[in-house]
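Below is a structure I'd like to ask you about.
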Amino acid sequence: MLQENLFYLFLILAGLAVAVFIYVGLSTRRPRTLEYAAVNHLRKRLFLWFTGILVLFLALTLPLMPYPNAEQRPDRVIHVDAKQFAFLISANPITPDEASGEEPVDQPTLNTGELIEFRVTSLDVTHGFGIYDADGNLLAQTQAMPGYVNRLRYRFTQPGTYSVLCMEFCGMAHQVMRGSLKVVAADTNKAKP
Amino acid sequence: MNPTNLSALTNAKPPSAALRRLTLAWFAIMFLLFPILVLLGLVMRAGQSNWLHKLSPEYFYAVMTLHGLGMVGLWFVAAMAVLSYVLKRYVSVSLWASRLAMALTVLGVGLLIACTLVGKFGAGWYFLYPLPLHPGGAWPAWSIGAFFAAIGVLGVGWLVWVLDLMRAVSRRYSLTASLGWHYLRGRTEPEVPPVVIITTVTLIAMVAALISAVIVLVLFLMEWLKPGFTNDALLMKNLTFFFGHLLVNLTLYLGVAVLYELMPAYCGRPWKTTRYVALAWNAVLLLVILAFMHHLYMDFVQLHAFQVIGQISSYLTSVPAAVVTILGLLALVYGAKVRWTLASLLLFLGVVGWVIGGIGAVIDSTIVANLRYHNTLWVPAHFHTYYLMGVVLMLMGAVFHVCQELAPMPENPGRTRLTIVLLCLGGYGFLMTFYYAGAHSVPRRYSSYPELLSKGVTAAQVSTFFIVLFLAGLVLYLWETGKRWRKAWLLP
Amino acid sequence: MAAALWLVVAGGMVRAQPAPVAPDLLRPPDENRYVDRAVPDVLLLRPAEPSVRLSNLWDQRPVLFTFVFTRCAGICSPLLHSLKAATAKVGGAGTDYQVVVASFDARDGPATMAAMAHDLGLEKAPGWTFAALSTEDVQRLAPTIGFWYRWDETSQQFDHPAMVVAMDHGRTARLLVGGEVSPVRLQEVMDQLHGKLVSIYPLPGKVAFRCFEYNADGRLRLHWGILLMLLPSLAAGALTVLIFQRRGRRD
């Protein structure tokens, strides 16, 4: 998973930093004069290398931004209204009656392989829409803000039941606010509404 | 007087009794509030460990709000207090603004304690719109008013203090001199020490941050009091993170300013302003104002241009830090005959924390990574690293330095080592549980964890052990620093 | 002759059966309910041209579809005039999209639709198709787009909502409900149909200050909110300059 790999990267880099500081700290046991010219030279090299690596990572990572691409068309649109303290998930835009709880919301079944566009908004405060797999890994998320619709596009590759957790602190039941998404393998659910 | 003459550093003019007492009073506030706020953090982690069944979610979130705002506010005022003291070498610091800030800080903290611990106000330290106005049954209307009053009181006091400190700098240096622009042109006269340049840059940005907080507060009040007035959630979020991001990063820079000023004497080497220092810190002024956009990556409705600017400026902010300050510190220390005391050790170690927190931050400021890390425990992981093992250690070192300077006492190297070991082991152990949990997708700001996130519970349980270690180190630190504080307080 | 007339009228009345009404009975459809619905592929009976399937059109370019009837004394004419004006302002009819004006009235056929096109001055307009549909096709198509029609005895007219449906590749993309089609909203629909994504996607509602508003010509317009974002930095700069200008002499 990406987040675990980045954790290892973090540990490696942090370890390197600590090693450098330990080395420099221990160097004070053998005092010597400092060559300012050498420091300036090192600074120039460090600047070029450091900035170069940053620019490289900018070039590699910016194209991977998860925002909807104009060229891509989603296969399915799912509407999500978050509120204190539940997620209303439907294949159709959610009516005021459904929002107030007077009518139940139809829970759609999704297919693997489909590019799904989640249109996420909030009926009250800012929430977060986070999709988790059964092992507790966060797959994707977006904010649920009142007055705005965030469009998150995601393609499920594995069937199963996915949990939706709230990713933005929203009040006293924030930690128990849950939704779920049922995903089936593409063959079993051919009919579209 | 040549400010960077080393003998002048050790023979610096002693402060007036009034400045001394005022500074020591600020330190007393820090000594009192810091352990309490750490204990509040311990309560939170213990709650998440499933050990405090009596702690309701409402109280958890109220404690979270007090802990967050308390820590952010505490280290801001501590940094300002230390910096004001240290700057007296170069500029005439007035006392009335500091006294006003102290009075308003105490009042604000009182209001904060009332609305959180009594009123159960729990909207989080940066009170994201529109949550304060939608308690969902958790807190009463009076606590909302008390919270806004606290923010207003703190904001006013701190803004006045910041403006007055800027005024003090302006009495001695012109604007272009205090920003070091002549160094960019290759001139070294007038000599402006790094602490002045960093202070100027930081204070300018701090004024922007506090004004942004005032705007947020006014808009909140208009919606609260005027029926039919609704704010735009995206605008409020941008304003909120503008002030929040700036406030915490600038507090870190205030600590770094103190580092530039204090560390050279311990190393027996100067740390002067050069073209690089001036260039780096002027770049920081621009970059820190843009980088706040990295808090809105998961708001897909934000303009893409802003998202890209957010990532670029977040990445680039690390360049002046790494290439000038951190390399500068390492060069200052490398092979130097360093007088390692509690003060210099803490200052040095604080920079390590800044670097490690920075690594976690740059990773999270990558948009594609943020999709997985945003609002998980990775976020508290990196900002607690910046604070607890970064600016907090730096300021603890600086406070000890000031107390030791005022009331010298011999140091016990064994106790110093033990203090450092406990603080670092406790601190980094605590932080690692956050990073681990964040890397395993455990969300932040959950008063308890469901079965799906059982790793969060384990991480919380382990973290409590490390917090206790840290507290033990803190007690030792307070004992050592407190002895000197008391002696300094009793001076005529 | 009177008997024949009577037969025609009676026949007309008999054939003009009430449509299967949508769940929102006798109300204009909620634009949001009919997004992304599959549209049946109906046969368009065109004047002076062979009949063509709707899919032949929407496969080439997006379709703006509207239901009217030629004997309409009410909303149809203003709707069509407004649609004509809006498409002229936005441009691109025939190249970026096409317009299909179809009748739901069984009394209409290709000839009456041709006459309607002539009256509007659109019979040779590029991208405009006037057509009739079979009753079965009308009854298949109407529910999917939220359209209904009901015969009103008193006025001897059909009661029906005024609406234009944007269709793309067999699915509804947007509904524009109302007798007047504004160029702004038409431009929004066009942008959406062409996959142009504007990241700002605010819900309609009155808020005090926004940063940006999406404007008809596809550009974002600055709003007062952006000033509030810039104000802190500008004020900080101004205060700094002010403070440093008033400084005393250096000591």
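Some notes on this structure:
Think of it as A, B and C in the order they're written, each chain with its own count starting at 1.
To be clear about the criterion, a contact is a pair of C-beta atoms (placed from the backbone, for glycine too) under 8 Å apart; a residue touches a chain by one contact, two chains touch by 3 or more.
Predicted, not measured: the structure shown is a model, and the values here were computed from it.
When each chain is reduced to the mean of its CA atoms, the one lying nearest the mean of all protein CA atoms is A.
Taking the CA centroid of subunit A as reference, the farthest chain centroid is that of C. No other two chains have as many C-beta pairs in contact as A-B. Rounded to whole angstrom units, the spacing between the C-alpha centres of subunit B and subunit C is 54.
Subunit A and subunit B have Cα centroids separated by 27 Å. Averaged Cα coordinates give subunit A a centre that lies 36 Å from the centre of subunit C. Across the assembly, subunit C contributes 199-202, 205, 207 as residues in contact with two or more other chains.
Shared interface positions of subunit B, i.e. residues touching 2 or more other chains, are given as 230, 232, 234, 300-301, 304. Contacts with at least two other chains are made by residues 67-68, 147-151 of subunit A.
On the subunit A side of its complex with subunit B, the touching residues are 1-4, 6-7, 9-10, 13-14, 17-18, 20-21, 24-25, 27-28, 30-34, 39, 42-43, 46-47, 50-51, 54, 57-58, 61-62, 64-68, 84-85, 124-126, 128, 130, 132, 134, 136-143, 145-152, 163, 165-176, 178. Residue ranges of subunit B in contact with subunit C, taken from their complex: 163, 166-167, 170-175, 178, 204-205, 207-209, 211-212, 215, 219, 222-223, 229-232, 234-235, 238-239, 242-243, 289, 300-304. In the complex of the two chains, the subunit B residues touching subunit A come out as 56-58, 61, 122, 124, 128-131, 134-138, 230, 232-234, 237, 269, 276, 298-301, 304, 307-308, 311-312, 315-316, 318-319, 322-324, 327, 330-331, 333-338, 340, 348, 351-352, 355-356, 359-360, 363, 366-369, 371-376, 378, 435-436, 438-450, 452-455. Those residues of subunit A that touch subunit C in the complex are listed here as 67-73, 76-77, 92-93, 95, 121, 147-151, 192-193.
Across the complex, subunit A is touched by residues 30, 32-33, 35-38, 195-197, 199-203, 205, 207 of subunit C.
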